[in-house]
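Below is one structure, written out as structure tokens; the observations come after it.
In this document, chain identifiers A, B, C and D correspond to the written order of the chains, with residue numbering beginning at 1 in each.
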């Protein structure tokens, strides 16, 4: 199931960075959901290279083509196939990488696993693979919208290296986030973050950071006890995004420093609805959503490709050095924001459909 | 797939805390693996209540019965069913909880999801459910041992609230960990941690902490690119354990404060084998093991059940108060150590069998 | 997924013929379905040995124990575990079979696959394995009843060797079928069939036959296009029953002798509902139920265990002879009727829950 | 999992008859398998319309494009995506079918299931969907060839309506089958069958028949006990092919007329290998291959689209009549032969990889 995600709402992605293209098949999507090519394209444009001065300047239009499953703007219930052609390929730029393993990339491990590797462009380990996820989530978000119009999934840059934003998950808006090219939810930090990314890039280096995500107005009752807990599936979804190193929900690692009496979320009634006065649970208890905001954070390491020389080895087993070339993101977070939202949306939609099957 | 884990090596658990018992079916286990009831029992004894003075004093023998799949000490290739009877049930102790939702427990969310709930003993949300996982992992570790005798999976208590251990994942031993009842890998911290847990318990409160885990001598090549990345499956496995709030691998959240040039792990050759000089990747790159130590940390919140009065609501929607009763762990970490090891073992075994299918 | 069946309503079976017992875990069952131990027991009693003079006289009470998932007669939404102890074991009776492969049994193939085998009682290949399926279907039929009270699943013996019954699938009743111990839907054939089975058994030989099944009042729209067509899942379900050699639906093999103009089922309107005037489609078109009766037939070979001497080989590779011993069914069909119904019920319930998830 | 087939070797198909195209993603394919676009194209050409005078004259080149997963003629271990553009679309020809349900087609049932339908060209229910299966099987057969070079999968037309071929599954060759456009394994019947199809077509009618398939030199040990028995998965695979109504293996339905002493296959030793003197088991015992020829038959109903007027109803619920138009196969069997082989190949490959994971 390597390239499959979800049980009821399932996606299957394919594609290497260089080659015929990348894409996704979406299976299990309810029929008669409104979706247009433009909605999918709009989602892809948010993760596209070249969208701003702080991301890779590669020129990829990432134009979505819908092969199946949609007719006159409505889903048919049959598999939806979305394909995006690979266009801006410069295989020559990867000649050196075909023989030298890039440190902290997947070159060596693909070789160790398969005994073969698509070196050009990073192959299947390229972030281009996430195109299929984002396209699928554009469809999924229409499913959510149909069944629960109030649900909102919002992610933003919480920190870039040591620069931390101050954001209230209850009130941050899509407009706040999209108002700045770094996609932080705290516009007052945007300039500092942008300047830092530019300066790091000038130095041939890279940075990481933390993306935070909130799901608002999620109905109580989503998530399955035991292995497919909602937070477990979110954790898997987030750690499946390239360059991630950690996931925490609600109080997270900091919560381990509290006592139970400090940490527990007391219940109270509000207009006939069960609420909690605090939300250290992060909106999920026992693997099941409780109706409060679902809040989690994802750690992204600094981009592995840097423009300074590093020690490494060749595929033939000789020690050597390698200096990054080409057009890379010095910081992936601005473009990772829509990917975090996409994976959260896919998890929610899958669990929504699963819940519907037992009700 | 709520109660199913794994694709090639699959386990299915069942059971409420109070009721006929809890257990597991293991499917996809290779034939002719050596396993005895005693091996399974030994594993269960490590997570058993009443094993030391800092865990719940409940008297549950947790005796494993093997119903199928094993003959004369060898697996048959058919499903292995292991059952553990529920014995120490005091349903009366839960009368109040049948009508009042325990804060930060799963009482309310089960009701929200299913419209019905096994209140007694916490039902399916009880930590007793993990018995099946631990039993299954006892079998899985024999599978690992057969195919890769050198693999070691070791977890230990890294912190209890503010008390942090100092442990080297490369050299910590099972003996270090089992030498103290809190199961920290740093015996010098054991007394302080034990005292802290006792004092918190006396105060009717509870604490959490962090468990760290290392997998040593894992062959390179395990893990599937894209969604079933090894770290993604580990993250899901860990977040499926009750009371967990976070997961990080290698450099984790702290790694987001480094630059790429500081963070990358340079490669070098050692006796014909590709190695890295540092291990901020945590033994996994691009979702696939690279042969270095796999190192990750799991955050556990303080136990939700505390002996002081808390605000909550009834199932009928009235505000009320609830004071915990009964025999609970003031700190789950000592007993969670074998559960973390179990889930890591299950993930590894599943990926090992998956890798064998394509080679 | 060897011992797992279903996607939304999933069952996992376990157990060898001799050993601790056999059973099933049911996962994905909706909550608040009425079910009692007696309902499950009643279903098991219909497939039990020793129930009449024409089936094996083995004395197995097959008493169901429910371990989890049901409280006060209602399902909890959590896994339902049902266990049946093995009681009437005569391992001595299988000493010879431990070294000699029984012709047309699974002894040799299990050895070829696993390199090990539970010889006693036939191990996992024993028909005892179907106990878990029948228990699970007792639960499933309550799910069907809740959502579609009119659905009826009825199977009966259509032929025993050359003795063919004459049964109208539209009107045959459960009473007709249960009125005779051979479970034919044509009571006028019962005596002849019973006499034939007795006479074949006296001769130390065995017979097979055909079971027919009808599903009445199935809503239109169940079944998934392409691979999980309703008839494809029924075919798999039926061919997974021991001793089956064929499956046909609607016109089946005989339909290959018709032309399209003879074979097609014309549509007409009846009280605002789309109906067909004939039913050569067997109630399914393009993998999806059309609301007409679903009618299919399953071929069962004669029981492999016979009391006459047969040529075979030993596990060590020597030619030898083997004569069956013990207490076996000379004809499995009377006891297979509830198993065919069980598997049909499981397929329907799974597809019903799948359909609910997209609506 | 509607459009997914297989567990270890998994395929996901997509595509409506009219629209952007049809295709498949293959996931779980071992790396370093030799495959070329030409091999895939060759397989597609065998199922292509317009290949002979007795199949539909539609002009579809069905040209395969490989998007991913293959590099320099070798599989990468990553998903292989194969796309085939839809070219010869005549949507106008389907105007009438958009409002009238074609008898014994899936028009009505898709509407009943989804409340929406791609009327043009039959949508997802079109036989064009099988293109993805055939492309995937071309890859799968290379996997089989690598691990078991001797395996042969051969299907042929056994009967066309009342015209029955006489074919020995042990000796029939691919050359025999491909020597005639009807693809019968009995060339002496070819002219009669071809003439019959032409004459039926001239009459505006259609015919069905039976396809038989043999798998030779299959290793013993493939197939999983219980639900994923090899014959159960073959049955599902075959019944998932459009227009199929039945499946039987080995002695099949005719075997129900034998006694056990007539039916059992005695074992004997041949050059140290366990063999059977007869093969009424059809090469599978207890769900697992025994090394003998696997032999099964599949019933295909007469093509539903005929050129004579039939009673039917409109989507709005009015009785009406419909006369088929356009370019259809009067008999699908010649083109279904490669589809039967494809599905058998996919089942075998999946079980081969599953078996490798436990050895």
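One rule holds for everything that comes next: contacts are C-beta pairs under 8 Å (C-beta built on N, C-alpha and C of every residue); 3 or more make two chains touch, one makes a residue touch a chain.
Keep in mind that this is a model prediction, so the values were computed, not measured.
Farthest chain from chain B (centres taken as the mean of C-alpha atoms): D. Note on B-D: its contact pairs, compared by residue number with those of A-B, A-C or B-C, agree for more than half at A-C. Computed from the mean C-alpha positions, the centre of chain A lies at a distance of 46 Å from the centre of chain C.
Each chain gets one centre point, the mean of its Cα atoms, and the points for chain A and chain D are 39 Å apart.
Measuring from the averaged C-alpha position of chain C to that of chain D gives a distance of 26 Å.
Contacts with at least two other chains are made by residues 1-4, 7, 13, 28, 31, 77-78, 110, 113, 124, 225 of chain C.
Looking at the complex, you find that chain D touches chain A at residues 1-4, 10, 12-16, 19-23, 25, 27-28, 31-32, 65-69, 71, 74-81, 83, 110, 113-118, 123-124. Chain B contributes residues 7-8, 28-31, 77-78, 225, 353-354, 356-359 to its touches with chain D in the complex.
Contact residues on chain A toward chain B in their complex (touch as defined above): 1-5, 7, 13, 101, 103-106, 108-110, 112-113, 124-125, 129, 159, 161-162, 200, 205-210, 220-229, 231-240, 242, 244-253, 255-269, 272, 274, 276-277, 280-282, 284-291, 297, 299-306, 308, 310-313, 317-319, 355.
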